[in-house]
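When the chains are written out, they are named A, B, C, D, E and F in that same order, and each has its own residue count from 1.
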Amino acid sequence: MVTDALTLIGQVLGCLGLVLALVGAVNDLIAAIGFVRFKNFYLRLHALTVGVIGGTFYPLIGLGTYALFCIAPPLGYYVAGVSYVTAFFVLITAPAGSHAIARGAHRAGYRPEPAREDKLAKDREEGVME
Amino acid sequence: MSKAGSAFVVFLLLLGIYLVYTGTTNPVDVIAGGVAAAVIAALSADLVVSKPSKVFDPRRWVAFVIYAVKYLTVIEARAHLDVIRRILSPSLPVDPAIVRIPYAVSDDYAITTIANSITNTPGTVVVDIDTERKYMYVHWIDAKTTEDEGARAHVSEEFENYAKLIFEG
Amino acid sequence: MFQGPIIFGLTVNEILLAVFLTLALIFTYKTLVERDLVKAVVYSGGEAVSYALAFVVMYAPDLVLAYVAVGLGIYSALFLFVITRTERYEKEVVEA
Amino acid sequence: MLSLETQMYILAGAVGLYILSSLIYAYKLATEKSVPDMVILVDSLTYDLAVFIVALSILTQNAYLAVGALPLAIWAYVFDIYMSKYLEGRELGD
Amino acid sequence: MSSEEALAIIVSLAAAALLAVVAVGQGLVPVASTDLTPLARFYLLNVYNGSSQLWGASPEVITSILWDYRGLDTVYETAVFFLAIIATLTLFRDAKLLPETAGSGRGMTVIVKTVTRITFVTIPIIAASIALHGHLTPGGGFQGGAAFGVAPLLLITAFSLRLAAERGWSKGKLLTVRTAGLLAIGLIAVSTPYIIAALGGKAGIGYVMQNQPKAWAEVGWPYAIAYAGMRVLFSGTLLFLNLAELFAVSAGLALVFTVIAMPTEVLEKGGGVKK
Amino acid sequence: MMEAATLLWIYFYSVLLVTVFLSLYGVYRRPNVLKKIIMLSIFGDAANVLAVLMGFRKNAASPPVYPGQTYTEWSAPNSTQLQQFASAAVDPVPQVLVVTAIVIGLAVLIFLSAAAILLYRHYGTLDVRLIRQKIIEGGVEE
């Protein structure tokens, strides 16, 4: 009885994970559209974030949950483990990567245009920021 | 003592990652992963953790869990919907600016948590950071204000409060 | 064993393989004609990703593990090491 | 509760959408002109295809195909780091 | 695009299409084939078949072929890798890794540094997992070593080579680890005859790179041990060869990257010249 | 009329051969030594993919790894399971060769990159035409 209920909960969670994966795929497509529509590197970074968090992190969690509950072990555990570890790494490394590339681009002379204000460029011209 | 403590913390982290990655919990894997994790932790734990006593404080973990759940559901969903609306609307309504946001934490992990939280919410990206004057330069897709404190209230105040609870003190 | 849908007598893996090989060819061409060597390195990274996915759909996970680390992680660093020490732009081919 | 067939259709749809967006990324990558843009396009492509690998491994019921997702995700980050350090105009070992 | 490039592309397109059509038409290459070559069928059926005389005791066919059926080939290949790295080192043989000349120590921003700290300790454990499970799941010594090789590059790029030098990395230590890995491979390769001799058998029965017992060489490495109600599968020599290969490849890559990442002046002038 | 599958496989071989030829053209004709090295790496990769493609087959459904084995919970398969596995898996032999080839290619490229750095130090350029000119002007270097 209890195991039946647990199996049912697992099935429901797995299906929710699948739906999350589908939503993530749609997010990724929207991010790709954003890449096409935005004309500026710094704006595209926001589309990248949609693609990374909405389009990679959440689908990986969803697919991992699906694999955990709906695929027979040990293979299901294997896929779930790979998905979760990948999701963890994406969550901590992707923002650092975007930050690094944004900083490098700003230092290499790519300016956000149009922009209402660019305090970083101003501060670096004034010499307060190295 | 501190060194052994940090090695132990890193050992637990690495063992956890090893077991999750391999997807098994059988004794042989625990032993093999434990040996590998112990070697790596003994060689390079001082890079990662400097004050291991912080890790064993349950209040920090409670704050971390509350923050993680809130961040990964409410905040992310709101930011995603906002940016997706901007991408899909025909007029492409953006009003970008690089604003300067002060912060008041000093721990490396706290700074990284704030910066990664800002970058991971669509709509704001940390472009540069000045650790001496304690400013972050954030590219904001819809700059409601360019004042330092106003931007802080809009973008990073919540993250900062939680980061203080988790890592500082 | 799961075979997937058959479209015009082609399996899904074959169609995906065609896609990724074509992508790799496009990136190879872009690498060839690019004068800026940094961009050439980025294109070769894209080519590495395409070939890694080709390995995935050809059921070779071992090669994916080895090839992604080497093609995306090590080659690009190696080429950038050389570029920082030498020159970034390739000069035009002058007809003799 | 979804039947197995519906689950597979959902997965196949997700795989198709990922392929579609990766094609858009590849097109943008082939036509893009500035280096930072190209780097983040390679990133997007890589992350996109990492999820695609996991979805494909579940769809084709081959667990061992999923192993490629982790290297792709980590080494996209590594690629970012190299490129940004190069763009800052410094030697990589500096 | 110059006219020459266009010509080259057209010629290569035509030549490639022609070659492909000829190769396919002559039956030189498989086209949408549905059956395996006899060799592949032999491997797939024998590698994990306990009742076969020629089994490799590993469910991972690739690792088994790599280290068992084609073992000597792989040993030579590791030696080639070793020699290529030696050759690279001889090109820069004067460069010394000293903390005072190895970069400025400035590195990148604190965000990248903190994330890299976590990543730097977790990449080796992933590499260890890939290598330790090399005989069970996709992976192995090469794959683990290549994965590990990215960790020193990441550290050098995000921090600085100076940190690596201050943490006590030196060419000598890395060379020692690498040589120890290669030596371990060599020792395991020739171990079977000595094990037989040590067990009191007739010397010279076992052959080089022997993993499992064969009909004409009846002593080999065990493929599993029974312990506390479990049977632990470690596939004879495969696990140990994978581990040794992991050390050899990862230390070799770390060595060559620490050398090649030195400042240009040190690399070109040699020694630990001051700026 | 040929089947779609045959045409597609001809397309595979054509694409890979075009990649090989283009990269060889780059190695032969591009003046910059680093560009030559990059194209050489692509040449090696395309050759590897070509080798693996020959081991790929139409009805394959599994990598050549017997699934579901762990350190402790394992049982050797019976002959039926093995036949099923062999009828689904792809050819392992090219994959084994390619694992080896990838590492050898990596070693060769590391050496070539180091050599390129030294070449630049010696001649001040990586352009082979300028290097040739310098050799002709300055006689044979010692």
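Note that a residue touches a chain if its C-beta (ideal position, glycine included) is under 8 Å from a C-beta of that chain, and two chains touch if they have at least 3 such contacts.
These figures come from a predicted structure and were not determined experimentally.
The minimum number of touch steps linking subunit A to subunit C comes to 2.
The set of chains touching subunit B and also touching subunit D is given as A, E, F. Touch-path distance (fewest steps) from subunit A to subunit E is 1. Of all chains, F has its CA centroid at the greatest distance from the CA centroid of subunit B. Taking the mean of the C-alpha atoms as each chain's centre, subunit D and subunit F sit 21 Å apart. Between the Cα centres of subunit B and subunit C there is a gap of 33 Å.
Distance between chain centres (mean CA atoms), subunit B to subunit F: 39 Å. Within subunit C, contacts with two or more other chains are made by residues 1-2, 13-14, 29, 32, 55, 59, 61-62, 64-66, 69-70, 73-74, 77-78, 81, 83, 85, 93. Multi-chain contact residues of subunit F, defined as those touching 2 or more other chains: 3, 5, 8, 15, 18, 22, 25, 29, 55, 58-59, 61-65, 67, 70-73, 89, 95, 99, 102-103, 106, 110, 113, 117.
Listed for subunit E are residues 4, 9, 32, 62, 108-109, 111-112, 115-116, 118-119, 122, 126, 137-140, 142-143, 146-147, 150, 153, 157, 230, 232, 260-261, 264, 267, each touching two or more other chains. Every pair of chains meeting the touch criterion is listed here: A-B, A-D, A-E, A-F, B-E, B-F, C-D, C-E, C-F, D-E, D-F, E-F.
The touching residues of subunit F, counted against subunit A in their complex, run 67-68, 70, 73.
Residues 19, 23, 26, 29-30, 35, 38-39, 42, 45-46, 49, 52-53, 56, 59-62, 64-65, 67-68, 71-72, 75-76, 78-79, 82-83, 86, 90-92 of subunit D are the ones that touch subunit C when the two sit in their complex. Partner subunit F is touched in their complex by these residues of subunit C: 1-3, 8-11, 13-15, 17-18, 21-22, 24-25, 28-29, 31-32, 37, 40-41, 44, 47-48, 51, 54-55, 58-63, 66-67, 70-71, 74-75, 78-79, 81-83, 85-87, 90-91, 93-94. Interface of subunit F with subunit B (complex): residues 70-73.
Within the complex formed with subunit D, the subunit A residues making contact are 8, 11-12, 15, 18-19, 21-22, 24-26, 28-29, 31-33, 35-36, 41, 44-45, 48, 51-52, 55-56, 59-60, 63-64, 66-67, 70-71, 75-76, 78-79, 82-83, 85-86, 89-90, 93-94, 96-98, 100-105, 107-108, 110.
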